[in-house]
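Working notes, structure below.
Each chain carries a letter (A, B and C) given by its place in the written order, and its residues are counted from 1.
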Amino acid sequence: MKLRPGALILNAVLIGGAFLTVAPLLWMLSASLMPTGQANTSPPPLLPSRVTFEHYVELFTHLNLAQSFANSLLVSVVGTLATLVTSSMAGYAFAKLRFPGREALFRLLLTAMLVPAQVGMLPLFLMLKKLGLVNTYGGVLIPWLASVFGIFLVRQVAQAIPEDLLNSARLDGAGEWRIYRSIVLPNLGPVLATLAVFVFMSSWNDFLWPLVILSDDRRYTLPVALASLVGEHVQDTELMMAGAVVTVLPVLALFVVLQRWYIRGVMAGSVKG
Amino acid sequence: MRDFEREHPGIRVQVQQIPWTAAHEKLLTAHVGGSLPDVGQLGNSWISEFGTLKALVPLDPWLAHGALGRDAYFGGIWDTNVLDGVTYGVPWYVDTRLLFYRKDMLARAGYSSMPTDWRGWKACLRAIKEHGGPGRYGIFLPTNEWMTPVVLGLQAGSPLLADGGTRGAFQEPEFRRAFEFYLGIFRDKLAPAIGFNEIANKYQELSRGTFAMMVTGPWELGEFTRRLPDSLQTQWSTAVMPGPNGPGASFAGGSSLVMFHGTRHPAEAWELVKFLSRPEQQVRFWRLTGDLPARREAWADTVLTADERTRAFGDQLTHTVPCPMVPEWEEIATRVYEQADRAIRGATSADSALATLDRLVDKMLEKRRWLASRRAAGAKKS
Amino acid sequence: MSAGVGVAPAAAVDAGGAKRAPLAGPQARAGLALALPSVALILVFFFGPVLYGAWLSLTDFDIYALADPSSVRFIGLGNYAHAFAETDFWNALRITLVYAFVGAPISVAVSLAAALLVDAKTTRWKPFFRAVYFAPVVTTLVAVAIVWRYLYQPQYGLVNAFLAKFGIPRVDWLGDPHWALPAILVLAVWKNFGYNLLIFVAGLQNVPRELHEAAELDGARAWQKFWNVTLPELAPVFLFVSVTTVINYFQLFAEPYVMTQGGPLKSTNSLVLLMYEQGFRWWRLGYAAALAFILFAVILVATAAQMWLQQRRERAA
């Protein structure tokens, strides 16, 4: 393969850019393995003088990060499943089933995408207080039970399901629920995988809502636990880096493995409209 | 906790920690959400807030039966727990602020002990700075903490709020004098103009000699022992706050044991409060955390009075002044350091900072004024 | 969402030629049943609070009200008036506008530039670069904000150490009121540019090759090709990216919350951060609700303005 100088420069720039982009993450990993106090020296070291896992041990023993990890996992898994169920049903309904008020309802849902999430946060907090859901897992999950974006995505794909398929099933006497389960769902496979990855990552990384709704540190999700660690341990650089690694690693790994689905979700979300 | 459980079989205690910086928000959120614990440790500057919110159980009926009362404690500290004549908390540990400093750095600058008045203190800081050279300071005073300017104001005789806690008194001469003194420390570069989140590790900086002292509280007794290098362990000590004309007052802080409203186990909760208030338990707590006992009897323990570092605290605790007991205090304190920070960095003049402070505080207290006038008009008590 | 969304008007007879299903038949019932869970949840837990918030913003609901509901006063537009009279509010608004109208364009420009590079003909390992540039997007914001906080440390942080190699003197990134805002913007751009990069790459790949070839035949150079062919073709994608990025930057919260708490001297205090502080630290829920609606209004106006500008450009072209 010929390597013209132009191409060489281009690729070099891209590699440089890639390095700059990952550098903070690499330093985060490196600092998490440094002995205490080493990260706060001038000039800052790039690599640990000796590799130690003591900070990870500290996080999982004294600081009980495992509990927060489990909490994040619980919220993300349940939230993802809930959104998948509600969005696939509603997305299909809006795409293929004619019912009174369908169009108006859909347009109403779309306006929800215009409203910033913070507008409803405080009042939602007060509402959940009346329902007794403050500081509970249920409270954290509420925003992740349904998703306008999910409905939109599923509807987009469901619209492409051929009418003939559905109608012949109806003529055969199949009920609507059976049609949904056996014909529509299998066809929605790829978009549901995409949606699942999307929702999992968003709920895992969510910060403001869990910060607002949770006050019991046993229920904290990872981002909130991490932020609260900063309050007490801001001077323990290496410890905080270890905490950051624990929070970031799962989603990063998930991303690397499931790139295809996630990227598809990003692109699909940008399809005109 | 285990000892308590052993003494009271049938009661199990679950402990939860929250970092102090988030405690205010988290406890309020828990109150709003109805998820407060039975017993808690509440900073006494928040007692008025939580009391107004009806989040606390009045303790007078419980206190009537026992040996706990004002005389068992430092008077100034006990008073911070009383709101409108009702006692809401039993002091647990006391907190006040005083100087933690490096004896060796003071000695090198020519001082064998900490000066006791403002003028002497400033001269000492200047000497340390000159001796240290460029990039060195006398003291670390984080610009985003309210304790120091407020304590200086209290020492100068400022009530901070006027008219029954419904207006700001920051433009009055007393606070103005303290404010000028505080700003002067930064103006003369005796302290770096940074906040506590801009310093990587203040213990490391103290060890490296970047500054020689800081104003902080009793929990640092434990932290200093843990975090300063062994070579410095004999070189640090504590001293009473210098006041305008001699040893000064400091802030009457600390935490109290409170019972939260909505507790389903008030009797058991009270048992726990009594247990933790026993002098032996107070001393034990001190040994574990370095937090100082509120109970006077606990101070009779020789260890506390023998150590010069804790003795300074004992002295300081006899001169304390509480902060105004209004629910808005936390926010007012935040505005104090915000305006001080602006003045320190030259974004505003001292006069206009104080004027802004009064204006903001007056606005904040508007509701309180309205409620007070409503009460006075004979309407239903709020 | 752009106004381009529509649903094709229902035909009297659908594609298969079968009769329309009646609006009350089994299809309709199934449709309602399937849509109900989502719709109910969204109506109750999203629209409900928004309406409640609108009402709250007209009252002086605060900490006294939490204890004693009778002390709530209906003050109409009082909260809004208070906001417009407060320097803190204007400061937060100004900062939020800077985030949105300086930060977002920079982010979009970086994404576009990177997309052009990644999509160029002679680039090798495209999937690798896409993945690497995208990685920051999936990381947890709180975690990376903490990492960057240490990177920005004046004495011990990598940023100053790196700049020192070029002879640039030390900057107190998060402590200097002039530099804190740019520092946060750098973090925000780093975190998000990968997202828009993917979208741009998809858009670039949709530009028909014939157009490029025709331009080349006409003797156009790279820059002209970009300006006259690529950019116009990308117009819809560009609009989408700008609008969504601006909306996101209006809502900046976690970065200043973790790194600077809105400081130093309130130089990074965004509207959402102000709202959080007023609502959750001081429990001025009425006022905080009003702030949220003001933000909402600003976003609507900004979005409408962007789309109107785009339409004007299209008409002029």
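Annotations for the structure displayed:
What we mean here is this: a contact is a pair of C-beta atoms (placed from the backbone, for glycine too) under 8 Å apart; a residue touches a chain by one contact, two chains touch by 3 or more.
Since we're looking at a predicted model, the values are computed, not measured.
Ranked by distance of CA centroids from subunit A, the top chain is B. The greatest number of inter-chain C-beta pairs in contact is found between A-C. Each chain gets one centre point, the mean of its Cα atoms, and the points for subunit B and subunit C are 41 Å apart.
Taking each chain's centre as the average of its CA atoms, subunit A and subunit C sit 16 Å apart. Shown for subunit B are the residues in touch with two or more other chains, namely 29, 32, 197, 200. Contact of a single residue of subunit C with at least two other chains is seen at positions 153, 155-156, 280. Multi-chain contact residues, meaning those touching two or more other chains, occur in subunit A at positions 40, 126, 212, 237. The touching residues of subunit A, counted against subunit B in their complex, run 37, 40, 125-126, 128-129, 132, 134-135, 212, 215-218, 228-229, 231-232, 234-235, 237.
Those residues of subunit A that touch subunit C in the complex are listed here as 4, 6-7, 10-11, 13-14, 17-18, 21-25, 27-28, 31, 39-44, 85-87, 89-90, 92-94, 97-100, 102-103, 105-106, 109-110, 112-124, 126-127, 142-143, 145-148, 151, 163-164, 167, 175-177, 180, 201, 204-205, 207-208, 212, 222-224, 226-227, 230, 237, 240-241, 243-245, 247-248, 251-252, 254-256, 259, 262-263, 266-267, 270, 272-273.
Residues 60, 62-64, 66-68, 70-71, 153-156, 172, 174-175, 177, 260-261, 263-266, 280-283 of subunit C are the ones that touch subunit B when the two sit in their complex.
Residues of subunit C that touch subunit A in their complex: 1-2, 4-7, 10, 14-16, 18, 20-21, 23-24, 26-32, 34-35, 37-39, 41-42, 45-50, 52-53, 56, 114, 117-118, 120, 122-124, 128-136, 138-144, 146-148, 150-151, 153, 155-158, 161, 164, 190, 194-195, 198-199, 202-203, 236-237, 240-241, 247, 250-251, 253-254, 257-258, 272, 275-276, 279-280, 285, 288-289, 292-293, 295-296, 299-300, 303.
Of all the residues in subunit B, the ones that touch subunit A in their complex are 16-22, 26-27, 29-30, 32-35, 197, 200-204.
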